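Following are the structures in question.
Heads up, the next two complexes both have chain A, just with different partners, chain B and then chain C.
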Partner chain A sequence: MTTQTFSKAASGVSLSIAMAVCRRGVLRVLSRPTLLLPIVFMPVIMLISFTGAFGSLTRIEGYGSENIYDWMAPYVALQGSVFAGVFGSASTAEDFETGFFDRLLLTPGSRSSILLGTVLVSAIRSLFPTVGVVVVALLGGLNLSGGLPAILLLAAASALMASVFCLFSLAIVYRFKTIRSLMIVQLVAFTSFFMTIGQVPLEFMTGWLHQVARFNPTTNVLRFARQGFLDGITWDLTWPGIVVFAAANIVGSVLAFRSLRRIGS
Partner chain B sequence: MNKVDTAASSTVIKNFFSQTIVLAQRSLVSELRQLATVLPGLLFPLLLAFTYTEQFERVLSLPGFPEVDSFLDFLLPATVLQMVSFGASNSGTELALDIENGFMDRLLASPVARVPVLIGRVAGSALLAGIKTVIIVLVFLIAGAQVSSGFAGFVVLTLSACLLVVVIGGLSQILAIRSGSQEVVGATFPLIFVMIFMSSAFFPTELMSGWFKRLAEFNPLTWVIDPLRRLMIVGWSWSDAVTALGILLLGAVLVTGGSVLTLNKKLGRP
Partner chain C sequence: MKTVIETRDLVRKFGEIVAVDGIDLSVSEGEVFGFLGPNGAGKSTAIRMLTTLLHPTSGEIYVSGFNVVTEAADVRKVIGVALQDAAIDPLMTANELIRLQAVLHGISRSEAKKKGGELLERVGLSGAAARRVSTYSGGMRRRLDLALSLIHEPRILFLDEPTTGLDPTSREALWDEVKRLNTELGTTVFLTTQYLEEADQLAHKIAIIDAGRIVRQGIPKELKENISSPTLRVDVEELDLIRAQDVLDSFGDRRPAREGRAAVGLDGGATRLAEVIRALDEAGISVEHLELDAPSLDDVFADATGRRLEGVEEGNE
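Let's turn to the complex of A and B:
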């Protein structure tokens, strides 16, 4: 009975620590406007860049959409959520460098609550670029044929994508404890996004890229997030995305938790 | 008296250069010790170039696209500039780290002049960028790309990469001095990345439209990329070489001056 009570109390404390870590992360972003730059403005600028630079792609027969914003907006929003995930873990790297993380490890409750709190911050942060991108895309001429469900689906995809990349970044940061080590995750993130149907449909690709994009899991994530912006939401394009998100979050959680558990051991 | 003055200024200049070289060596060693974080900056632009080549082959048939055998020919200057964008802000990040851990205070308390503290770091990054440019050009040549202006064009491209590091590195140092945070400096990396997309790096401005086209035309990177690209795909031209190097040299001087002023202001010196 006593053990059960203690266990319940401990899990309660863990949740409160997770929420405290999350609240600290959100306040940190809001109190330092320079940190909002990559989170909000960066994806918006990317949207403007891609639609502006590659707008002439719609003139080529067979391109996925006649409106470049319909094609690029979900892609850029997801990229923004990746930044949100990676920069969520950058705060942890800074905590390592300042010594704050050592004090955080001394708090009662399991270490997983610190992990959970950081992932929650990243998921919340991902909503900033998604909203920013959709608003700017609407101003630019987005059709949004899927309406509100399309936006909700994109928001869910962004939050899940942010949590995936936050977990993978944390696995690196817990190990190397520096911000510079995140360059590796940024490389993987950019690579996984560029070798997919982000900018052009699969039919446009030639050679090795066609095969890589076809089997790249991010392709299914993009189909999942983009469907409401093109032809409407279907189960056929939804379930592969759910599978990818579930698998990536599980693998990321295991890797991040293993790295976290090794700290100080 | 004049002889004494001349000897004193000669010593100052000698010290200035020796301090700059020592700090540049420190910066270079620091970069090379973290090879795992330097390599992505070389590999990613190459990966992007080969990805775009497979992705945008249909674009070559669009009216207004320059006559090239492959999209790879078109991309060489953009790939080099993108490589630079990866490593250039490292000098700012390192400076922010030195400010965070107190090394900067110790450095400033030593008899080292202020200017070498800033220039030294950027010089190390510039040298590394030069080496990476050589590697990128070699990979492109092996993949079948052509440098129409030959060795002279290659030299201009390499010098441009080094000067661009000075510009971007200087800007990141200004940010590091003002914020004192690695996270803030690191967070601006994507902005530089986007600046490249808002230029003629990946698509010619002739295929853009509206206000974005005008923005790309006014982007200083376009002023550098366009002449460099002509050197790569058309042939040698003094005008193109001087334009690309001149703009970057001017930018390097202005930004270095700005970073020195920012440091002096931070330290409360006139």
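Let's turn to the complex of A and C:
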């Protein structure tokens, strides 16, 4: 038996592989722009529908904003980023179904690079609904007192939100290898978003919903993302959001990586 | 010769189903090894284990001296793999895929460009390199898949049913490329196939798998020789048929033949053909037609399993 001398195992993340996987994802989107339609169209429709339905709430004292677009735009942009995250993992499910994922698994490099590349694509994709929502909101009368920093903060929040949901979705896709398996993630995403301060402030809620929204981590994410849209940007609203993003990304990474490592076992 | 692929009592179960049931393989360096069997025999499961994509339930696999479970990354450095159905992203171009494959194997951009160009030229896809793969024919996809699997110059190449679904011209072109890789570059090739002709054309050594077990293994010529002597069939006038069969019976075991034809398993093979013709001539029998069929791998398969492989419907495992 011949034996060559190589490193015992691939370890660490190869940025070049991650970037190559990411580049492929971006190329796919560019070559099939219709892929972007659901993740841009849905939040824009939600923005139009929510601002229309809840517009008069701004006249109630204590609502939190006199401009419904300032209140709703970050909320629906984040929801769009969740779609972007889940769609990122849906591409991986498609790769499993076509067999292309085997090609990626045959790379001698670390498999975590494949994971990172896929998450990066989702983060980039999240910018499309964010931009779409902000543009439509501006046309509708968005005040945006925080200016560019507020938009950059929202973009960062969207990218981080997309990465969280991409990671959780990948943990499932790596295990079940089908697009259908993502239904459960969508269910969790919708539940977490509707039981929060997305549509009305915490003070407007009563009973169990108030308690759930109060402790729902997504509430901190929304407060983080709405900075510069409702009030100024403050550390008091920033750090809880960072903690939620960090914790969710760490937990998601661990779950996704465990599922990835178990492929083939 | 050095052994570069070795399995010991390899088993893979999916729940209660035993897809691969204790196989022992040994492939030498520079060899073309054919893994022959019908759909569902366990070929693809075996090749997925050999290429690190699937963990064995039990048993051991060594590729180029590396354990495929504990040293998977090292195995992936020395192997090239073209799996069944040519899993290629249809939205990408050949150039983009070559570039991606090169990065996955740590090849620099300039080297990838040079090597990719050469490979695409060799497989006849230079003119289509900038086109999306969705516009390619089945044969073009297979050739691209082969080119992709060679970008890092692997010493061992795994091909999973490389010509399934291809037209005869594309099939022969792919065979030529496999032969060239083996003879010119010394690449060890492990290929699964359900085509007898493919195994016969390409493989120095074969293993026949059925229901997850290796039922025969060896050099095709020897396997065929071991199975039986070639069949000699003789067409004569109807009145001479019984006498002709009597003459033939002295050269070996009688074989079934269609009406109006005598047949025998010719002991000693073609070397005794002249002797048979002389005996028939001496008996005053006029031969209208004569044919000698060497034992085929299908005969080997039939002998081992009691079934024929030839004519089995094509399809994916």
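Definition applied: the second predicted complex is superposed on the first by the 252 of 265 C-alpha atoms of A that agree within 3 Å, B and C clash if a C-alpha of one lies under 4 Å from a C-alpha of the other, contacts with A are read in each partner's own complex, and residues count from 1 in each chain.
Convention: a contact is a pair of C-beta atoms (placed from the backbone, for glycine too) under 8 Å apart; a residue touches a chain by one contact, two chains touch by 3 or more.
Everything numeric in this text was worked out from a predicted model, so none of it was measured.
Judged by the touch definition given at the top, the superposed model places A:Arg24 against chain C, while chain B stays out of reach.
By the touch criterion defined above, A:Gly99 lies against chain C but remains apart from chain B after alignment on the C-alpha atoms of chain A.
Touched residues of chain A, counted separately for chain B and chain C, are more numerous for B. In the superposition on chain A, contact is made by A:Pro108 with chain C only, not with chain B. Look at A:Gly55: by the touch rule set out above, it reaches chain B but stays clear of chain C. In the superposed model, A:Arg32 lies in contact with both chain B and chain C. When the two structures are aligned on the shared chain, A:Arg214 is found in touch with neither chain B nor chain C. Applying the stated contact rule after C-alpha superposition, one finds that A:Arg258 touches neither chain B nor chain C.
By the document's definition of touching, of the two partners only chain C reaches A:Ser16; chain B does not. Shared interface residues of chain A (contacting chain B in one complex, chain C in the other): 32, 98.
Residue ranges on chain A touching chain C, taken from their complex, read 1-4, 6-10, 14, 16-17, 19-20, 23-24, 27-28, 31-32, 95, 98-100, 102-109, 264-265. Taken together, the chain C residues at the contact with chain A in this complex read 2-4, 6, 29, 48, 51-55, 62, 64-66, 70-74, 76-79, 81, 83-85, 87-89, 91-92, 96, 99-101, 103-106, 132, 148.
By the touch criterion stated above, chain A contacts chain B in their complex at residues 32, 34-35, 37-38, 41-42, 45-46, 48-57, 59-60, 83, 87, 90-91, 93-94, 97-98, 179-184, 186-187, 190-191, 194-195, 199-200, 204-210.
If you check the complex, the residues on chain B that touch chain A are 34, 36-37, 40-41, 43-44, 47-48, 51, 54-59, 62, 86, 90, 93, 97, 100-101, 179, 181-184, 186-191, 194, 197-198, 202-203, 207-210, 212-213, 215-216.
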